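Note that the chains take the letters A, B, C, D, E and F in the order they are written out, and that residue 1 is the start of every chain.
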Amino acid sequence: MNRIRQVWAEGRSAVVGWLHIPSAFSAEIMARAGYDGLVIDIQHGAASFHEAHEMFRAIELGGAEPLARVSANDPGEIMKLLDYGCYGVICPMIETGEEAAAFAASLHYPPQGRRSYGPRRPAQRYGAAYVEMASQSIVSFAMIETQLGLVNLDQILAVEGYDGVFIGPADLALALGHPPKPDPDAPVVVEAIRHIRERAHAMGKKVGLFCADGAYARARIAEGFDLVSIAPDSALLAAGAQASLAAARG
Amino acid sequence: MNRIRQVWAEGRSAVVGWLHIPSAFSAEIMARAGYDGLVIDIQHGAASFHEAHEMFRAIELGGAEPLARVSANDPGEIMKLLDYGCYGVICPMIETGEEAAAFAASLHYPPQGRRSYGPRRPAQRYGAAYVEMASQSIVSFAMIETQLGLVNLDQILAVEGYDGVFIGPADLALALGHPPKPDPDAPVVVEAIRHIRERAHAMGKKVGLFCADGAYARARIAEGFDLVSIAPDSALLAAGAQASLAAARG
Amino acid sequence: MNRIRQVWAEGRSAVVGWLHIPSAFSAEIMARAGYDGLVIDIQHGAASFHEAHEMFRAIELGGAEPLARVSANDPGEIMKLLDYGCYGVICPMIETGEEAAAFAASLHYPPQGRRSYGPRRPAQRYGAAYVEMASQSIVSFAMIETQLGLVNLDQILAVEGYDGVFIGPADLALALGHPPKPDPDAPVVVEAIRHIRERAHAMGKKVGLFCADGAYARARIAEGFDLVSIAPDSALLAAGAQASLAAARG
Amino acid sequence: MNRIRQVWAEGRSAVVGWLHIPSAFSAEIMARAGYDGLVIDIQHGAASFHEAHEMFRAIELGGAEPLARVSANDPGEIMKLLDYGCYGVICPMIETGEEAAAFAASLHYPPQGRRSYGPRRPAQRYGAAYVEMASQSIVSFAMIETQLGLVNLDQILAVEGYDGVFIGPADLALALGHPPKPDPDAPVVVEAIRHIRERAHAMGKKVGLFCADGAYARARIAEGFDLVSIAPDSALLAAGAQASLAAARG
Amino acid sequence: MNRIRQVWAEGRSAVVGWLHIPSAFSAEIMARAGYDGLVIDIQHGAASFHEAHEMFRAIELGGAEPLARVSANDPGEIMKLLDYGCYGVICPMIETGEEAAAFAASLHYPPQGRRSYGPRRPAQRYGAAYVEMASQSIVSFAMIETQLGLVNLDQILAVEGYDGVFIGPADLALALGHPPKPDPDAPVVVEAIRHIRERAHAMGKKVGLFCADGAYARARIAEGFDLVSIAPDSALLAAGAQASLAAARG
Amino acid sequence: MNRIRQVWAEGRSAVVGWLHIPSAFSAEIMARAGYDGLVIDIQHGAASFHEAHEMFRAIELGGAEPLARVSANDPGEIMKLLDYGCYGVICPMIETGEEAAAFAASLHYPPQGRRSYGPRRPAQRYGAAYVEMASQSIVSFAMIETQLGLVNLDQILAVEGYDGVFIGPADLALALGHPPKPDPDAPVVVEAIRHIRERAHAMGKKVGLFCADGAYARARIAEGFDLVSIAPDSALLAAGAQASLAAARG
């Protein structure tokens, strides 16, 4: 069973890492750190399908659930990632109920959706059982990060076939006239985040948030977020290098 | 001029980073953190020539000096890395004066050495001037990390044509009957490190040390080490991930 | 001349292989086995453009015609594969005449279509003659694999500028409420396949079918299918390994 | 500041190279030759994102401005290239003002456009300043190369948020019923090129042209083209090899 | 515990597959077929370190033990493979006791051997325990495939620190004046194989054999071979393709 | 039959190109220019085995003979290149008859040499016939480029099992106290080249020379050189780019 769903079944919030570095070696290091899942960022990270395919193995071997943030609401891209061992999808820039429905359709085989059959790696492992299992296992989030997405929020949340909404605070801040600050504190952004969380929960959907700082993420978990992502690998590396250099140079 | 030599010319010790992750993207992040140089570890890191070639550009662009720890005292490997933009070589497991001389020969064009001509990337930039410049620019270290290397230390240090010795404390500890602990505290290992440093300086050679912890490295700089490497990228990433997760989960 | 057209000109049906493994080395092995053509599966196989580009050379060198099943009806993807030596395209999920026309347009230069000029590898070989030759050489199939595709079948078949329709039985089965079984025997699926074949031939189009088993494919050739694909490389490998292990272990 | 804008600020026309070979090594050779910028051709060249990402570093290190011709008017592709160090975008097949507006939107952050935030490599270098800087630095061209594009030229030119139009003479020639000759001399094509140049300048936009021959490009600069691309790397290599062989064989 | 040692502990012979195709995707297919281990052939297969590193993960994930046949008795190559998750080494062309001792030394940390410390992937998983564990886990075979190797067989077998000898029948046949036939039947070759097996067992070493055919391998298991390799992936693919084509064409 | 041997059989000298760019795409462009063979430079070029493997296909497809200059007299490297479709080897830095004999041994199967059996790509094509054919087809050159090589020239030339010697004028010039100028004119270097040519021919060996300029190469052919290499791809590209830019800028 999907580790993210297991965490939810235990009444906890999932904590996931975020991968910009296009390397299975570093992905396995991240996976062994104990995240519930790891999101390969195809949209803004350096990996394309080739690297993601290798990274899915490293993440699975390291004990975390392999997820991806895709580059667009593109069924071809989403389906191919699922065919090679992705068990969760975060889709950027959903702005209408129609877009949310198209996203949901790409995740499920007919009759529920329009996913095309060819689950290369999952079928190696689960055989014919995968068809049934796929819909129950894969987790899925539509990103709310634009003004139009906010306006159409209830319409988007009313769509069936995906798990929840995920908030990208940097893009949301830009959309609301603020700089793309991680872990935002501008009242209008904070308020929008609160609004999305409450509407999602009211309509029976999960809600996730991209966070930079661990302590900030913890506070959001306390507020009820079902999934938080924390500092990407590139940020961990940059911060670690700076701290290590400062210690060495005094 | 080589950034490592500049640091030495200013009377300081060089602080270098260490790269296990085979990615130009993460190498550039490391380079922008401010290290004097970055060592691509071909021996125990995941990069081979192909990735090292791309990483040299990222390191140079990020403002650090590109170095490599080679997999063995192999002239073909050393020369090809130099041809593609490596400006410093750390060679493992030097145990005799003869091996040190072979290492030195691979770094210099005739008549001083036996390097074969074909400096693909440096010649793009420096043209014919590179032949002269190469010997003056490239920095080079022979690793002392075995009992035989310790026994033959003075013989090794007497060889001309390379800059200094570099200590691998994990292998040295194993060679002296101790576990391969980073930043070692076993008296016999500490004593061997002190001995190598003093003999190197007495014989006019530089001395470098692989360190894990920044504060430990700083103490070694105070003792007079001319170059210290600090926590590899893989260790920074693992430590950062664990700390970030702990903060998020409380 | 395209090997697939040669086979048709001789009154035979083409037998093509299917490639999931993203390797030019294995593609060349497949090509030397004697297939008329080999289809690199970009939609559900592991190759992306980079690997397909290398595999086209291996297929050509091994004596088979290089084809691709693309990930979607995406002109950019189709055109770039053609620019690098693909001589046949199978396009998934065609559901309307409009989609079929857009597919056909991406295969031909103006005035017939909308293909953009830049045939990198073919122009190395055929020079200016390629512009004329391309339309006559490249073979093309629109996949019928959904209920909507069945409904609009005649409309799709009426479109000019592509060779025929290709049936994906797994997706077709799912669309008709059956499990995605290869070489299907559910009457409704068998009937739909027969219907597509007859309508295609009635309207002057070729018809192809994805088969798993060689004997099943042979029976379909006898029924008049113009092109059959047989067991993908990944299936051949898995079956061969299991049989070899069984023989060794007894 | 973008080297292309610097050239324009000095009242000169920019001369850019064109890259089909998917290699950072050859890209760096090209960059050191002295072009103002180098265009990685994603549409018809062999590079995909992975290679482009490495090539951007090589171009920057060699002193030219890194640009890309994208495969389509696809926001996901455009944004990811910008996130990894592309500072100029040439978009093929723009045919309406709406398409031009969508192209422009993908280049700018809100409120001006719809670019999603995640500038991985630029942020390493410029930090928070990049958000402001991006719109002012990145150069952008919409390609006019179809009949519809010609018909809607003024509508396209009236759109704000991008710098100019770029003419692909091979596709334009095909669209006008002529063979895809580089450096065209068919009067109708020559006239169309003149028309585009004049309308662009009349409406305050820059205009660029793909040229094959250096002398032809020089004549176009004299006519007022703001940017010319000259012989692609693949053409330079083929011509050089043939001349070298002819000299050797006599 | 190493799966190969588990098989031996249960009194059985290990059956391993052989990988020429440089792909983690095909390696995982092979691993899921149920082999005890899979040997990545660095000597005559298409993989180098980069691909082997990815393939080790796929093999481990698929449930087989990852092994490698190295290109030569080269400590640098052997150690780096072990650092990235190889748990068994087959070394070609061992001809003297000295060479066998050098091979053995590259497999063990001091004081037993000369392996340099840096177990990147194993240490992620097993931490400090790996140093102890490595010598007990890794399996190792010296290949006997030349006349000199036959002459010095007892000397080679007398060396400690590796598990057994592995017979390459194609090279052995060539060395004995016969064509490089798989599963050889020339009496002198058959006799040499018997001799090696008996001497190995007499001196307390394991003995392995490269076989092509499953039934042939089974007969060798019955004779007492401790490990047999069966048909390589490339041979399985070629044979499967030919059989599939024959069935389709009739 | 090897194209180089065909040229020799026709009484002509072979003209080969030289590849530094690690790309099958550019290698195919070079091959279609009409060289008799193309040498992938593993020693000073950017390709390693992985790229060479892909490039061999491109060269073969383009109609030239695929050769390699290896990084060292390393049997493992030489044999693996031969296994993947290399039909000619140039080995650097041969200095003694013993080294020449070791080089020759790596090219031939027993009993003539010590090549290990596993010709992956040639066996796909030629089957069992390759064993016989290999020795007759593959061309081979030992490089003379050091003082010791000059001293031992006759001893080296007396060794059987390889075709001839190849002169690296840059390294030879350095060895003789001159700058590494291509197409050298220093009398002592010119005299050494003449001496090597005459001794080679006197002892029944072929002789080859690395040339930069086509006209210079032609003069050497007139002197009797059996094989000349002309300007590497990297040099052709740099020169072409500079000329093209000069023409564009005036």
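Keep this in mind: contacts are C-beta pairs under 8 Å (C-beta built on N, C-alpha and C of every residue); 3 or more make two chains touch, one makes a residue touch a chain.
It should be emphasised that the depicted structure is a prediction, and the values quoted were computed from it without experimental measurement.
Contact with chain B and chain E alike is made by A, F. Among the remaining chains, the Cα-based centre furthest from that of chain D is the centre of E.
At the far end from chain A, in terms of centres built from Cα atoms, lies F. Although chain B and chain F carry the same sequence, what matters here is overlap: shared residue numbers make up under half of all numbers found at their interface. Taking the mean of the C-alpha atoms as each chain's centre, chain E and chain F sit 34 Å apart. Here the spacing of chain C and chain F, counted between their Cα centres, is 42 Å. Centre-to-centre, using mean CA coordinates, chain D is 53 Å away from chain E. For chain F, the set of residues that touch two or more other chains comprises 20, 22, 25, 29, 32, 46, 48, 50, 53, 74, 120, 124, 234, 238. With chains as nodes and touching pairs as edges, the resulting graph is of another kind, matching none of line, ring, star or complete.
Remark: the chains found to touch one another pair up as A-B, A-C, A-D, A-E, B-D, B-E, B-F, C-D, C-E, C-F, D-F, E-F. Of all residues in chain D, only 24-25, 28-29, 32, 53-54, 57-58, 60-62, 120-121, 124-125 touch chain B in the complex they form. Those residues of chain F whose C-beta lies close enough to touch chain D in the complex are 15, 17, 20-23, 25-26, 29-30, 32-35, 46, 211, 213-215, 217-218, 221, 228, 230-231, 233-234, 236-250. Taken in their complex, chain D has these residues touching chain A: 48-50, 53, 74-77, 79-80, 83-84, 109-111, 114, 116-118, 120, 124, 128, 131. Considering their complex, residues 20, 22, 41, 43-46, 48, 50-51, 71-72, 74, 92-93, 145-146, 168, 170-171, 174-175, 177, 179-180, 234, 238 of chain E touch chain F.
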